[in-house]
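Each chain carries a letter (A, B, C, D and E) given by its place in the written order, and its residues are counted from 1.
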Amino acid sequence: MITLTHYLVLSGILFSLGIVGVLRRKNLLMLFFSTEILLNAVNIGFTAVSKYYGDLSGQIFSFFIIAIAASEVAVGLGLLVLWYKRSGTVDLDSLQMMKG
Amino acid sequence: MEHILSLIVFFPLIAGIFGFVINKENVKTFGISVAFVEFLLSIVLWIAYDPTNSGYQFVEYSALIPQFGVGFYLGVDGISLFLVILSTFMTLVSLVALNIKKDIKNLVITILFLEMTLVGVFLSLDMILFYIFWELSLIPMLYIIGAWGSGQRIYAAIKFFLYTFAGSALMLVGILYLGYQYYLATGTWSFAIPDWYLLVLPFNTQLWLFGAFFLAFAVKVPMFPFHTWLPYAHGQAPTVGSILLAAVMLKMGTYAFIRFSLPLFPDASVYFLYPVAIIATIMVIYAAMVAYAQKDIKQVIAYSSISHMGIIILGIFAMNAEGITGSIFLMLSHGIVSGALFMLVGVIYDRRHTKLMSEFGGLATVMPRYAAIFGVLMMAAVGLPLTVGFVGEFLSLLGFYRVSWEITVIAGSGIILGAVYMLTLYRKSFFGKVVKEENKTLKDLDKREFAALIPLVALVVILGVYPKPILTTIDMSVRKTIQTMERKALLPDTKKFLLKVNSIGGTK
Amino acid sequence: MEKYLFVALFAPLVGSLFSLLFTAKEKNTITAIVTSALLLLSFVSSLTLLVSIHDGLTLHVKMMDWISAGNLNLPFGFIVDNVSVIMMVTVTLVSTVVNVYSMGYMGHDKGYNRFFTYISAFVFSMLILVMSDNFVGLFIGWEGVGLCSYLLIGFWYEKESASWAGNEAFIMNRVADLGMLMGLFLIYWQFGTFEYDKVFAHVGSLNPAIVTSIGLLLFIGAMGKSAQFPFHTWLADAMEGPTPVSALIHAATMVTAGVYLVIRASALFSLIPEVGHIIATLGAFVAVFAASMALVNRDLKRIIAYSTLSQLGYMFVAAGLGAYWIALFHLMTHAFFKSLLFLGAGNIMHAMDDELDIKKMGGLFGIMPYTATLMAVASVALCGVYPFAGFFSKDMILAAAFNGGNFYIWFALFIGAGMTAFYSFRLIMLVFFGDKVHKKLGFHPHETYPFVLWALLPLGILSTVAGFFEKPFEEFVTEILSKYEITIPHATELGLIFLTSAFVILVIVATIYKYNKGGFSKQLENMPIYLLLKNQYYIPKIYEEVIFKPYYRLSTFAWKQIDVKIIDFIVDLIAKTLYILGQKSRKMQSGNLSDMLRWMVVGIVALLALAIFYRPGM
Amino acid sequence: MLNPISIKIATLNLATLTPMAILAFGALAIICIDLFTKRLDKSFFVMFTLLFIFLDFTALIGLNGPSRGFFGVMLVDGMSMLAQGIILISSALFIITALSNKPFKEFKKAEYYALFLFMIVGFQFMVATDNLILIFIGLETASLALYTLIALHNRNKAFEAAIKYFTMGALAAGFFAMASLILYALTGSIELGVISKVLVSRGFAPGAFTLAGVVFMLMALGFKLSIVPTHTWTPDVYEGSSAPLAGYMSVVPKIAGLVVAIRFFDIFLSSQIQWVQDILIFLAVLTMTLANITALVQEDVKRMLAFSSIAHAGFVLTAIMVGGTQANSAIFLYWILFMFTNIGAFTMLWIARHKKNLWGSRYQHPFTKFSGMVKVAPMMATLFAIFMFTLAGMPPFSVFWGKLYLISSVINSGHVVLAVIMVINSAIAIYYYMKLIVYMFLKDPITEDGNIYIANSSTPIKTIVGITLFFTVAASIFVQPILSVVTELIKSSGY
Amino acid sequence: MFEAIAFYTFSILVIGMFGIVVFSKNALYSMSALAGGMIFISGFFFLLDAEFLGVVQIVVYTGAIMAVYGFGMMFFDTTRDIKENIKFKKIIYTLALLSAIFTIFILMAPVYSVRVEALYPAIKDVGNIQMVGLLLFTKYLVPFELAAIMLLVAMIAGIVLVKVKMEETPTNIEVAKGGK
């Protein structure tokens, strides 16, 4: 019997995977991939809760999260393009002008 | 006379703002005129003041934040009256003595601004208002020391500012806590001091609050071991800064002790009496010793201020009318005397650009008038009778004798050590032969310097011979403060103590 | 009569203020004339008052309020009674003489005007001291004379030693003043007032322990002003000042203020005989101690100064033993002959271009006979030879000592008298007789101005005849001071007088004989006792090593080590620590995005850990 | 089968939506106008924007809360109105600074203004609801627009700032989503009101699960509020963006975040959950202390101000911890006063913006740049000094009153030690504010030319400075009216 | 039973895919794995009776988002293996491990044991899509509209950002690189 906990744990595992990606990626593009994983992990959780509670709000939330993910991609890539044009790299370590 | 206090507080500010427009050449004259008018106003206040009334007079109140109990609340009583006059007077004198050319306009405006804050501190009857002026007074002094000082001026200015600001941080918590206590007791917010006088606090609360206020006042006074900002500030400050710092600003701390610590926390004050008295005694002796070791004339006077402030603290914590009245008078006299001494150091610094004793010697031959005035003020500083310095010192020590003769004896050695460093200073710089070539051609005091110094010397003598009108006025209000303490005292020990120190006779 | 009081009191002040106007100007004889005239006026007024007092009047004036705070109400009050009027007369008389004398003595000094300012100011202070009706008023005068003394000792401020001596005098007096101040405080808190009348009226009902404390504290003040051991060193050093000053302040008037205080507070001291005993013992000790130092000293003025010290010791013996009127009497006679002695010495110095070493003089009698005569008279009076003034007063003191049964005190005084005789005549012999050493050294001494000598004449006369006023004096002052009954048999008393006189005269004769023969051999000078005496028992050195230098070192330590290296260091350390922490925390802000993200995750992880493991009240 | 649904317009309470609708319309209008007429001057855009902000403001004032609209999604209560008011006023102040003397590319673009208006819409939604979905979308709308606005400043640093901000924002968005998931899993609702009820009814069990929700929410909101350890973006982003935008960022996103935080933490604080209180105290202390200490060593005024605004946020966090009417009123009082001052201060930097780099460092506004400014530009220096002292909480200037009321509320809740830590922090803080003053007033000038300090000034900007200065200096008079309004509104919202 | 098999299968697949996304050195693999993972996630949605979401997931993610990423990859020329200078690996993995443990530990707590009354219960016999549609256009109308604005913002932002012309001189870029 697959319970809600199964889904939530899966969601947690995926979220952690996303965090690993966010932590170790130096390539900004691939770092953005990881943030997508974070949001998707949450989506699974929402839908599962929605199902088990018989409440639709979770699905709606997931829906909006997808929309948000899409918007973020647009802006994020826009910024990356800008930076790439300027510096020729999307390596995160190139963003070191400001510190201290 | 309705709004004379507001006028006295804000006149310098408004005049200072006008000052921005005035031509650079005339700004000093403007400043002197303003300070003079301000001084006249304070004299008018004195004349109009009813010395038989011990309460607050010319009270003005307008609510600022009624919801939070903060109001623009001014009033004057015998304790503050003369400190206000001292502030206006010393500002006037220091402006007369001013001979800085650099950025004179900014300087004059800053001094006027400072005057406002000083007067405001003494006239505020609302704790928040008091705190405002208390903190505001740091800004002009920071600028004066930092911009017109010498040597490590910026270090000194920052040190002064940070130290005193940090010191009063806890006071803010104390104020707010007290406000809350008042709120709990009465259901309304108020930061008005007369209201607070009605508030009886539990002993433990008193202890904590006393501590919070103490730190702020101790730094300002400055009490040992919070005094190290003072030598730097004085050492680097221009003459005008030193005068106002020593003459008026240091008094803010001791004034606050009388105004707040004693009547608000009578039990705690008595409880902490001995620690405070011991600190004060250390101040007196330690500062006198350090002063003796100094090589710089100005530093000697700076440390001597600490020493004198120690006696003032003792007088305050005598908690009897003699001691407190004496300490207030000593505040006035120390204001006049230290101000004048700093001015005198300024005179010689202007001529030689050094303040080291070793650079001088034999000045009495070259500058006899200067030497004479210095001598008079030195004698006032060491507390010679019939000078202004004696009355306060005598009364303060007299008052504290009732509390503890042992401590009084030890602190009283300050009058010996004071003579030691002062006379040594005088001997090294004024006596002996003129050795240095550049000293042989020094000019004696000029008219401007005379104009600034003569009033001070005159006051030193007049107030030394006839201090009574001032003393009685102060005494009235001091007695009232003591009555407040007696009324509010919780512990039987406190009551017994207050009764004892305020009565004559009885065996030891 | 009040106007006489005010005239007597304020005439010197007026004089002082008048000459103050001229201080910065060239020498102007008018200052000297005006001040002298005013001092004379003061003297005349004092005399008038004396007469009135004698007729039974007592003046008690409250001029104006001074300090009032709490329970304290302190007016400027003056009292002229039998005791104070004696002091007034003495002070104004001696000061008038000294002032006139100084016109000659200071004639060539560039501080001429300044000098007269100080002298008059001193007289004013001294008059306040003696006329005040309360302890604080006395303290005003007390400090005032201290100030003038400081100024006058350091009159030649260009001399390093003079300014040093001035400081020493002032500071040492301050030490003692502290004691006195404490005494005043104690009085106030017991009586609520400082007025003599009220204090003395109630002193009897007080706890004896407190009275003892008051007495001791006041006496500490008296010790300082009267230069009693251990405060005595300043007096010898004070001889750096101009000689008229030494005569007026450090012989006749100011130094006797301590004695005056004890006399004034006799009502108090008479209640505490044990303190009186201490005073007497100390006085006796100083009488011998100071005299012994005078034995070997070669400095003209220091010898006289030690003599003054010794005589002050005599006075304290009398005062301590309750013979207040005798003390006062000796005070007065001493004022006459000691100032005469000093002024004579001043003449010599004037003649010898300020040379002070008596071994460099000799044979001056031929050159300045009048001075010599006056000094001889003064010396004889000092030694207490009949019929000179000193005889009467000094013998009374010896009798009083014997009377109280304090034979060791008597013996000490007896020895002291002998020593006095020796050093006085050693001085006379070395200065006025014997070889004219000064000629070899190239001095050209000469007699001083006649008017100066005339001015000295009154003192000379008084030194001679004052003793005969003993009885009227006793009657006069014991109207308010307690009587002192000599209880020993009259024969014993006479015997003692004879014994003392004989001893003194013997010593005088022996001294004259010895010095006529050429004095003592040089070898004596290597004896330890000689060195001890010559170095003033090493006391100045001890003070220097044990107090002055360590104090300076301690001060420097307090400044350099405690203030700068500890307290300020801690203050700066707090600031620096914050700053260094800032630099450390700045590393958190590495600017690297990865690090930033990691910090966020660190936050999450840490808080989650807390959520799991930290559960207060859940 | 679904039944047909009929909804009466009146029940929707359209009014709750009007303020946002006005702005959204304005934004679209700008884009459309730009389509048709090219080469419009920036003054047109600015005034057009301002006009819509004004309309929005009037619409806002017309509302009377507390009321809900659109099926309970919209929540117009006193707090949201206050927050919207703050957002709109600072937006108005900000947009005027676009009228600078020097030309800047971004201000020529119509999109800039459109995005700006959309951003405001986002923030307004964020504060005007208790629905987590709407909060999230509002947040993202505003954030995405803000990232773009930063990047449009068109400097390398601006891009760097935008990317850093964006990336961290994405992670924070993940946290927010996770928090919502946990809360949803716990309560089956995504509305704070319902969540609160359910949680309370169950006694917040299971503990760790609930607290995990708090943790994720705290970090997500903490990112907006720049709470340690999510604060690291702040200095870099402020440095990279234009000065007025940095000032804007230090006020507006934070007040939006604060409102959400107040709403969210109220659930736990009114039930006296010790853990939440402790954590908030801990984070608040950590935030202000770390920020203050780091600010001490900054070499650039803008970065210093960034750390200062972190510290201010830490300050305000304490009031969130306290909860209750006084504390919440204190937050808003503080923030209103802080808004004027901080925008004023950043505008001063904007005025001093100058291309020439006389001071040879990587910074745009290093402290050395302002050396001896009082000699060459005394007025500017004085104003700057007033702003600095105000930020330091020097009485009687505006922020002092906020600080006073805030610390008072902390004390009243019995956290005296926390109050002491707060004042000690403000004592540390004064050092770095004073550093600038020391440079301006006490050091010798580096240049004779005072123009470099006012190169970018123009009448509108001066007006802005004048307004902010007025509210800063004369605060003593305004505190009472502001406070009474704030208290009334907060009370009416039930906090 | 079917549910369990499907759940575990999809779980392994998704975790595997996302593992590749996170750990792969090749951006192309990474992206492809991401796309795959997204599709598998939609499987969960279908499993959970959220058909609408499943469709949206596939359409939006794989159809739109991945396309944009693909475009980005081409632009950035990151199809080859990329070198990443990863420092402090230990810290990273400790953090990751801890966060995983904590998150999972917390999420394992049984929450649904207490039944919660559904606010918006799914109505029987009404399709998922219908229900979602109903909610979106009533209750969630405002968020929906705001989401529209958000997408508009994203669009404008994307366009404006890509349009930006470079202003600063190359020296500044040097500075930027020098900052490493």
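To be clear about the criterion, a residue touches a chain if its C-beta (ideal position, glycine included) is under 8 Å from a C-beta of that chain, and two chains touch if they have at least 3 such contacts.
Predicted, not measured: the structure shown is a model, and the values here were computed from it.
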{"item": "Set of chains adjacent to subunit A and to subunit C", "value": "D, E"}
{"item": "Chain at maximum distance from subunit B, centres defined as averaged CA atoms", "value": "E"}
{"item": "Label of the chain whose CA centroid is most distant from the centroid of subunit C", "value": "E"}
{"item": "Between D-E and B-C, the pair with more C-beta contacts", "value": "B-C"}
{"item": "Chain occupying the most central position, where position means C-alpha average", "value": "B"}
{"item": "Where subunit A and subunit E are represented by their mean Cα positions, the distance between them in whole Å", "value": "4"}
{"item": "Centre-to-centre distance between subunit D and subunit A (centres being mean Cα positions), rounded to whole Å", "value": "26"}
{"item": "Chain centre separation (subunit B, subunit E; CA means) in Å", "value": "69"}
{"item": "For subunit B paired with subunit D, centre-to-centre distance based on mean C-alpha positions, whole Å", "value": "43"}
{"item": "Of all residues in subunit E, the ones touching two or more other chains", "value": "92, 95-96, 99, 102-103, 105-107, 109-112, 116, 118-119, 140, 143, 147, 150, 153-154, 157, 159-161, 164, 173, 175-176, 179"}
{"item": "Multi-partner residues of subunit C (at least 2 other chains)", "value": "586, 589, 591, 593-594, 597-598, 601-602, 604, 608, 611-612"}
{"item": "Overlap residues in subunit B, where contacts from two or more other chains coincide", "value": "162"}
{"item": "Inter-chain touch pairs (all)", "value": "A-C, A-D, A-E, B-C, B-D, C-D, C-E, D-E"}
{"item": "Interfacial residue positions of subunit D with respect to subunit C in the complex", "value": "163-164, 167-168, 171-172, 175, 204, 207-208, 211-212, 214-216, 218-219, 222-223, 228-230, 232-233, 235-236, 273-275, 278-279, 290, 293-297, 428, 431"}
{"item": "Contact footprint of subunit C on subunit E as seen in their complex", "value": "87-88, 91-92, 95-96, 98-99, 102-103, 105-106, 179"}
{"item": "Contact set on subunit D toward subunit E in their complex", "value": "1-2, 5, 7, 17, 24, 31, 70-74, 105, 109, 111-112, 114-115, 118-119, 121-122, 125, 129, 131, 133-134, 137-138, 140-141, 144-145, 147-148, 151-152, 154-156, 160, 182, 185-189, 191, 194, 198, 202, 206, 208-209, 212, 362"}
{"item": "Contact footprint of subunit B on subunit D as seen in their complex", "value": "374-375, 378, 389, 394-396, 400-401, 404-405, 407-408, 411-412, 416, 419-420, 423-424, 426-428, 430-431, 434, 437-438, 441-443, 476-477, 479-480, 483-484, 487"}
{"item": "Sites on subunit E touched by subunit A in the complex", "value": "3-4, 7, 11, 14-15, 18-19, 21-22, 27, 30-31, 34, 37-38, 41, 44-45, 48-50, 52-53, 56-57, 60-61, 64-65, 68-69, 71-73, 75-76, 78, 82, 84-86, 89, 92-93, 95-96, 99-100, 103-104, 106-112, 116, 118-122, 128, 131-132, 135-136, 140, 143, 147, 150-151, 153-155, 157-162, 164, 166, 173, 175-177, 179-180"}
